[in-house]
Amino acid sequence: MSKSNFTRRGLLKTSAVTGAGLALPTIFTAQSAHAFTNEPTGGTVTLGFNVPQTGPYADEGADELRAYQLAVEHLNGGGDGGMMNTFSSKALQGNGILGKKVEFVTGDTQTKSDAARASAKSMIEKDGAIMITGGSSSGVAVAVQALCQEAGVIFMAGLTHSNDTTGKDRKANGFRHFFNSYMSGAALAPVLANAYGKDRKAYHLTADYNWGYTTEEAVKASTEAMGWETVATVKTPLTQTDFSSYIAPVLQSGADTLVLNHYGGNMVNSLTNAVQFGLRDKQVNGKDFQIIVPLYSRLMAKGAGANVKGIFGSANWHWSLTDEGSKAFVKSFGTKYGFPPSQAAHTTYVQTLLYADACERAGSFAPCAVAEALEDFEFDGLGNGKTLYRGADHQCFKDVLVVKGKENPTSEFDLLEIVEVTPVEQVTYAPDHPQMGGAEATLGSCNNGA
Amino acid sequence: MLGLEKKDFQLLLVVAGLTLLAPFILNPFPESSGMAQFNAGYPDLMQRFVIFGIFAIGFNILFGLTGYLSFGHAAFLGIGSYGAIWMMKLISLNVIPAIFMAIIVAGIFALAVGFITLRRSGIYFSILTLAFAQMSYALAYSVLTPITGGETGLQIKSSDSPLFSNLEEGEIGRANLFGMDMRASFELNIGDWLFTFNAGYYIAAIAMLASFYLAIRIFRSPFGMMLRAIKSNQTRMSYTGLNPRPHTLAAFVISGMYAGLAGGLMVAMDTQVGPERMFWTASGEVVLMTILGGVGTLIGPVLGAGAIKYMENILSKINKDVLHEWFAFLPDGLEDLLVTIIYPFIGKGWHLTLGILFMLVVIYLPGGLVEGGQRIARALRGKKANDEDGPKASTEPAE
Amino acid sequence: MGILEVKDVGKRFGGLQALSDVNLSVKENSVHAIIGPNGAGKSTLLNCLVGKLIPDTGSVMFDGQSVLGRTPHEINQMGISRVFQTPEIFGDLSVMENMMIPCFAKRDGAFSLQAIANMFSEKDVVERAESMLEDMNMADKRHMHAASMSRGDKRRLEIGMCLAQEPRLLLLDEPTAGMARADTNNTIDLLKQISDERDITIAIIEHDMHVVFSLAQRITVLAQGTPLVEDDPENIKGHPKVREAYLGETA
Amino acid sequence: MEAIILQILNGLDKGSAYALIALGLTLIFGTLGVVNFAHGALFMIGAFCAVTLSRILTLSHTIIDETKTDFLGNPAKVEVPYVHDIFGVATGDAIIDWAVPLSILFAVPVMMAVGYIMERGLIKHFYTRPHADQILVTFGLAIVLQEVIKYFYGANPIPTPAPQAFTGSFDFGAALGFDPNLIIYPYWRIIYFVFAAVIIGAVFAFLQYTTFGMVVRAGMADRETVGLLGINIDRRFTIMFGLAAAVAGLAGVMYTPINSPNYHMGMDFLVLSFVVVVVGGMGSLPGAVLAGFMLGILESFASMREVLAILPGLNQIIIYLVAILILLTRPRGLMGRKGVMED
């Protein structure tokens, strides 16, 4: 049997009393040997990658995991270094984090908050993970973020787009690089007004849960500010697979634009159904009927196939970006895996680097020190241009992409094209914005745990 | 002893021993060995073992004794959880009132659902319970968001200040038992082994032992006999002047309260509730646990719950790198081959292993894991199955 | 005035008039047989008495109280026990448990929360069940799995279970159907013994004339859903109407 | 008015999907007495027959196109399907375009084989086992089947469009004299409905008018007696299982253009189709079909925004609510027989 250093306990062993017999029992409390939860004491540090490996988002989870592995490789000095070369902060040396080799454990969130928390807890309790990251839905992100807050570890959110994650459910130990519903609305509205005019009647179909609500609210608010009228908003069950009965009445309502506040399988099916009904060939109020998908992901675009052609939406990042950081990332990811990374991969890669960098700058793994290093940290070179990790709500502020389904894709990965890069100023909001939980939302105080 | 027959008392002792010594039993491998991956003795998983054990024991009181297959039992667990977390948010962070609240809320809901669904039997009953559970799930996920938190569920926040608590401004309340944090742990380091004794686990374990004891009493009591009589022959039951429905309803409510207890404990151990706890797959899971372990047996459901939770939490965490480490001592070609063969069954493929396990157990061990254990024991004793065992096994629930 | 009074009972299934104008009076502590050819409505009548069916017309009074609209277990609690054509016992339970259940039903009633609380005090019930098993000569079989017994033993157990409730009226639906001669005679002896030793009224539906004439003190003949005659056994034997009904059927 | 006509159309369409799956489930339950939780998986495998065929048709070899570059700046590899080489580009594209209808021919033998293997290899041994065992073993099988599909095809939905000729929608409104664009319905969904009606009709006719069907119906009513008549009912039941698998598979093939297939689509349909079967009455074929259409139509009406404005969330629970109401008023569903799966 080969030796494994996978667990914290393995690390503990090195400092444990050697020789036979019963060691003295130790009780871990805040006052005892460890200053914070899972303080690494050996030569390695363990990160916990908690991604969906089963269930409908398994492919997205697999892509996140690829990016994590790449990030770990780069942090440990392997590969071509990727974005470490373009990152504005030069604290990372390629010798792990604070001189400790980076190791990782993986878990399956199943895109269920219970399972995600169980998996995160096992990483914290069993494997001694010092940071948890990943996830592919806001329900999971909020649940795991709350857990990390309680346990006293840092949570670097993966793909989560709901306002709540850094809005009403924000936590001092949690950080989000991904953009959110508000930003999608703010970025999309001007582009839509430009492309389709200011006199449009919109019909919203909204997934009937938190993310759907925040997205509908954001898109509605920003398009109405441009002069659009919202004809109707209809909630659709999460478990719906056939959306025909929601789409068929759209034309009767007199609307000329359909907004699909759906994600994942819901979006693939609703968009496919909408195109099937021939909505896009219709003329209403003398205008061509249009469909909008506020949040795009490449896997969704792949699932919907040719139906996405020409349809506007927003994205956090896309591999066709030409800044140095993005190019470096696409190159090392593409070289290793043979295809370009998705935005989920990008955000998880960046989150890992940002965490490592914050540890280096703080000179400590202590969650509060890391959090302080991340708060109001300004950086560049990780794609999306100049970025701010805002201290007030732990949300990243950066340029947002407005994308469109490509008319003539050259490969199964080349499905979207960037229409506009919306500058960060346009998507910035106040930390106490009503859509973000208002004045009541608070981070609480950071928790070192133990 | 304790009103139990000798055999049952021995069983209770064995279960108590296993439960209390679980931190040792579940951590058999040294920390630095590759096998440490299979250790399950960390607080969260140990808590889940006993909590789902309670859930399955309760389910078995209904299904194992009366034969009524509820396909919506997770709803009671979920509703119990919601009750418990609201109790913690509003009244007290002490787990005792929260757990009681969970049991009461689940009991009331079970009474209402049981009153309606028990008008039908067989698959019609199953579908009715499924319908209630799915409605609870769908509504909790969507229109009841103000009460349930919707998709993101409910957690205790820094803005929550329960009536009986002295939290500082901005402090996030934690579940406790008269001041003892559920997450407090005592760690024992012996050589290369490390054992964790967690306060929350022991509270849950005591709850499970109490539940298990109560289940034995119910199984062996005349009430349990009545329930088995319902399963055996409802016609004779009615023509003996007994009304089957309230008996079944009582079993249904007891079973729902067990689920509520499990839900309350889940919140006590980990202060978070999400609606997918009530989804039909969660209800299906407890059916699978019970059948996998052995329907109508006392210990079976606990074993089944343990087996499924172990796979979900341990198997799913083994990734390709871990496999490569295990087989690193082999020549490269052989190592890769082994990894390629095993990889589809672990990590993201753990569902596949689960499915295969179900099929194997049902095909070869219709009595579940308990039957497997009995066969092994019999083989060890070198005795052949004598005729007496046959009918007896179904007359008296085996241990 | 008998213990069981059936007045003008009629029951229709779709186009079939199963029972019409059935009048029947069963005297207390007697053995009353109801005979008739197949399809005469014997079982329908029985089902109307125990609450399984509700007659369209007429009334069924037991000891001065109407049984109509009551559920089987309520009627049973009034004091009517039923033995089925194929023995209905709790096959998955042991013989002793089978016997304990009616003892519980007798002690605690149809259902009450009190009964669940009482479940911890079962001593008196156990004693009673044991003595019933003694009475039925089944004490040695007490640990047997009920389903594994012979048909005769099942029948005996079922009758014992009914008697354990101390019913005032025992209804038997072809109790010897499908039995070997020896078992039939045993059953006849058992029923004779019961009727002699206990304060009990027995109503029996039977095909087998040997059984009927060995036991019955009064006989009602049913044909095409209507009672033809009600009389003492010796008068029934040669009654022309009865002959006609039976011969008509066999021809 | 237009809204109601439209939702009836939607309901018929949804209902035909439910009815087709429920019909297969009922065939298996009625003939073999087996509760088949793997039936959803058969539907899913059918859909993946279409995916597989379109993958076969688009099997390609790569050529390096020096004029283009890929995302890393290397010369681009262009995939050329073999059918282009064999039939030329135009015919080749037409064949690929027609992959879904062609899959019907492909799916029938595949599904029959899958059904045959399932019945002989597994289900056969469970005829006399309790329903709980049947549910568990078929559920285990369903998990295994869907994980195998996931292993080969991934978790993401795979777009499988209908032929170009069937895209777009038919304007019922204009045909009926309403304003145009008010009642439109996609051609493929109309085809799906007609297809479902034909299949359902064919199954009924087969059972009603062929000797084989009569024996099977007799077997459904009283298996022992038919066995006593010296008829080898087992062999017929195997064929019935294959037939039910084929019905489920065809339903899956035809469904692929409506929703992109994914590995868990079977599970998504499974619970609903069980509700349909039970509401229709266990073991009743007409009941299953009737309940399928009824629930489809009610679900469509519940999704109208006028209805949701009055009863928010009704669309979330409508099917279950109706199921509860029906089962409470009609103990054995719409057309169930007494004593079937009541204990």
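In order of appearance the chains are A, B, C and D, and numbering begins at 1 in each one.
FYI, contacts are C-beta pairs under 8 Å (C-beta built on N, C-alpha and C of every residue); 3 or more make two chains touch, one makes a residue touch a chain.
In UniProt terms, the chains line up like this: A = Leucine ABC transporter subunit substrate-binding protein LivK; B = Leucine/isoleucine/valine transporter permease subunit; C = Lipopolysaccharide export system ATP-binding protein LptB; D = LIV-I protein H.
For clarity, every value in this text was computed on a predicted model and none was experimentally measured.
Centrality by Cα centroid goes to chain B.
Comparing chain pairs A-D and B-C, the larger number of C-beta contacts belongs to A-D. The centroid of the Cα atoms in subunit B and the matching centroid in subunit D are 34 Å apart. Centres computed as Cα averages put subunit B at a distance of 46 Å from subunit C. Centre-to-centre, using mean CA coordinates, subunit C is 52 Å away from subunit D.
Residue positions of subunit A with contacts to 2 or more other chains are 58, 208, 235, 237, 239. Multi-chain contact residues of subunit C, defined as those touching 2 or more other chains: none present.
Listed for subunit B are residues 138, 141-143, 351, each touching two or more other chains. Contacting chain pairs (ordered by label): A-B, A-D, B-C, B-D. Residues 3, 221-223, 225-226, 228-229, 231-233, 235-243, 246-247, 250, 391-392, 394-396 of subunit B touch subunit C in their complex. Subunit D meets subunit A in the complex at residues 2-3, 6-7, 9-11, 13-14, 17, 68, 70-72, 76, 150, 154-159, 161, 167-169, 181-182, 184-186, 188-189, 257-260, 262, 264-265, 268-269, 299-300, 303-305, 308, 312-313, 315-316. Residues of subunit C touching subunit B in their complex: 50, 71-73, 76-77, 81-82, 84, 88-94, 97, 100-102, 104-106, 109-111, 113, 115-116, 119-120, 122, 125, 144-145, 147-148, 161, 165. Residue ranges on subunit A touching subunit D, taken from their complex, read 55-60, 208, 232, 234-237, 239, 241-242, 244-246, 248-249, 251-252, 265, 268-269, 272-273, 276-278, 281-282, 284, 299, 302-307, 319-320, 330-331, 334-335, 340, 410-411, 413-414.
Chain contact summary for the complex, subunit A toward subunit B: residues 1-7, 9-10, 12-13, 16-17, 20-29, 53-54, 58, 61-62, 105-108, 112-115, 117-119, 121-122, 125-126, 137-139, 142-143, 146-147, 149-151, 162, 164, 169, 208-211, 213, 235, 237-239, 440, 442, 444-445, 447.
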